[in-house]
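Single-structure report; data block below.
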Amino acid sequence: MPEPMLQITGLNAHYRDFQALYGVGMQAHAGEVLAIIGANGAGKTTLMRSISGLLPNGAGQISYKGQDISTLRADQIAALGIALVPEGRQLFRSLSVEENLIIGGQIGRKGPWNLAAVFKLFPILEERRAVPATSLSGGQQQMVAIGRALMANPEMILFDEISLGLAPIIIKDIYAALPGIIGEGMSALIVEQDISKALAVSRRVYCLQEGRVSLEGASRTVSRSDISRAYFGVE
Amino acid sequence: MSALYHVTRSSKAAQLAAVFGAIGLIFLIAAPWWAGSAMMRLLGEIFLYLALASLWNLMAGYAGLVSVGQQAFVGFGGYMLFAVTIAGGLSPFAAIGLAGILGGLIAVPVALLIFRLRGAYFAIGTWVIAEVFRLSFAQVSSLGGGSGSSLPVAVVRSLAANKDGREAISYWLALGAVVVVIAAVYLFLRSRNGLALMAIRDNELAAGSLGIDIWRTKFVVYIVTAALTSMVGALIFLQKLRISPDAAFSVNDWTAFVIFIVVIGGIGTIEGPIIGTLVFFALRETLADLGTAYLIILGFVAIFVMLKAPKGVWGLIRARFDLQLFPLGYRVLKRIQKKGA
Amino acid sequence: MEWLNAVVQGTLLGGLYALFAAGLSLIFGVMRLVNIAHGDLIVLAAYLGLTVVTMLGLHPLLALIIVVPVMAVFGYVLQRAVLNRTLGDDLLPPLLVSFGLSVILQNGLLEIYTADPQKINAGALETASVQVGGLSLGVLPLLTFGIAVAVIWGLQWVFYHTALGRAFRAVSDNPDIAQLMGLNRRHIFGLAMALALAVTAVAGVLLGIRTSFDPSIGGARLIFGFEAVIIGGLGNLWGTLAGGVILGVAQTLGAKIDPGWQLLAGHIAFLVILAVRPNGLFPRISA
């Protein structure tokens, strides 16, 4: 088994006095797609923010390609090749669609993703390229958010609840585009509340419950009852 | 064994402080008998600065209204004292009270205007108001225009018959003022309005959703602070015996020093300004010979404190020893009773 | 004719006020910071200009070549070493720290240069004038106004057509997520302050050529800049120019009525606009 690309050990995350994650451990290998599921408040977004550097961590808890990234700044982690599609899209209000995408590529990493490639993936964005990004519909904003992360040509991409607040048909479209995005040997961590979508698209799954990892398994074989137990914490 | 919880505002430290405070107060009241002129004048200055600092602290530390223009009311109060005693022939004692009331009144249109600004823009807005006051009073020739005027001898004499008497009266007025101000601040904070204020300070959104009228609470604080500041201003210029626009509305004297006192002492607490005033005057008495270097040092100290110890000296003490001398918060104490075997 | 002259002079004066305000506006736009020491930084630039001119014998406008970069570097260092530490949800720290900075600057300048009024000598530039219509317009005020327009145009261009401007806007919108784009927030803020102080440097030198100055005048310059920003409306640099012009015209008209009324007229105009249009005339962000 090759070395894991992302190794998380004993991650404790705090918001001021409140502890959100307790000793979380997980690993992701190159080219692997992981699903991270859990109820509201389980700590999924906290985990994403910790990995991407938006939340400060204690040393030695997160390593990427053998390097300890726990105490690096978010902009340093982005330069290493980890990109986040944040919960709630969080596009830049004062920037147009095109500018949001361009700034995603600010980092200057080499790779297949550029403006033309993103427009090919999501043609509607090319039509609306000069429009303020936040005036788009929810689904289109999600496309911009994904495109923005892709422009950084990351090796690992974190999707935080991309289906939140979107109509089912839009969610279907976005998930249909996902293999085209991740297929190129990129690793992905997909945080989802929609369990079936998450399992369908991933190799392995972790379940978080009240800040702890309650289940780890292969997406194909993990049982529904195991998931229910791990999700809700009920015996 | 059963445990009973009871909630109290007081604590051993607070009770002790109250006792010491009372003793100290008696001591201070007796000052005209044991202190010399210079000492009384210094004490009087300390009291008035403490009053100004406590008021600024109420606005900034509790109501979140940071003003760099309180000199508007200090000067206004001073000018009202002169105007009312010279033109109206009132006694200085009445004039001081009237100055306070007038200060509160003029604060109403001022507040209506500048409450349209928020945060740092509000702060600069208060400065503009102070400038408007300064420029306006400089145009009033009956009050001396740009060069100012002196308090007529007759008015000064009406304070007391002889010099000793006047010094004692001035001193007692200053002491009375600071006691009134601190008592007012303390009682206000213990009242419903004060509770509302602290709720607003801690979480404005939550406070609003509880039905607290944020605008009105802040408005009331601004008016009351303006009135009391004007009263203190009247006292300050009663002591100085002379007023001019630049002295009355000086940013350095009435805002910069006050802000330093509160920041260094500890913003958002009643004890903070007391400590800050003592530190400020200790620094002043030792360093004032250095002139501008002294002010530069003050500036550095204020920046340092704000960055490293934002809760000031009192904040450090309080964090270390969990002290509160003016009982404002609530404490939950557990009383354990042993039941007999 | 006299009144027309006053209006024109006031308009040109507005250019100088717009330069005072532009730096203030930029900083507030990017990092929601209001720097109380801003006026004193303008005065610092004037003194720097004076020193460069007296020590190197340069023409004041050439002195800008030195003063602008020096102030820019100072701005970057100031932001990263001190002001970045004050940013956050609480509004007190940046206010009080910049207030402390103001006191330090004023008294530092007092120590070094004394309280004597100074002026930067620009020779013929100070009195040269051109005849337009029946009016005599000073070359210096015209130049100042022109520079103000150019600076604002330049800032707008940076903000909307360069990667740096994009970074400014992104960091202003969402400082957290901007980091995910590889933008080091502290560095970007430093650059913003550097740019703001570069503009301030120009304002300071032009001020120094125009009138006599001493360490204590910073407060009033801050207020003029602030009034121009509020009158014009937050978040709009061209609005700030308009605000400066309105302020300048109010002051010169007031001075025409009575010289002692100059400053008061400007403040009153500001208060009237605050009463009637609290968000300013052309706002993009609300106060």
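Labels A, B and C are assigned to the chains in the order they are written; within every chain, residues are numbered from 1.
Everything below uses one rule, namely that a residue touches a chain if its C-beta (ideal position, glycine included) is under 8 Å from a C-beta of that chain, and two chains touch if they have at least 3 such contacts.
These numbers come from a predicted model, not from an experiment.
Shared contact partners of chain A and chain C, listed by label: none present.
Nearest to the overall CA centre, using the mean of each chain's CA atoms, is chain C. Computed centre separation for the pair chain A/chain C is 44 angstrom, with centres defined by C-alpha atoms. With centres taken as mean Cα positions, chain B sits 53 Å from chain A.
Here the CA centre of chain B is 33 Å from the CA centre of chain C. Across the complex, chain C is touched by residues 60, 64, 66, 68, 113-114, 116-121, 123-125, 127-128, 131-132, 135-136, 138-139, 251, 256, 259-260, 263, 267, 292-293, 295-296, 298-300, 302-303, 306-307, 310 of chain B. Residues of chain C that touch chain B in their complex: 33-34, 36, 82, 85-86, 91-97, 99-104, 106-108, 110-111, 219-220, 222-223, 226-227, 230, 260-261, 263-264, 267-268, 270-271, 274-275, 278, 287. Within the complex formed with chain C, the chain A residues making contact are 52-54, 73-75, 78-79, 83-84, 86, 90, 92-95, 99, 102-104, 106-108, 148, 152. Against chain A, in their complex, chain C makes its touches with residues 163, 166-167, 169-170, 172-174, 176-185.
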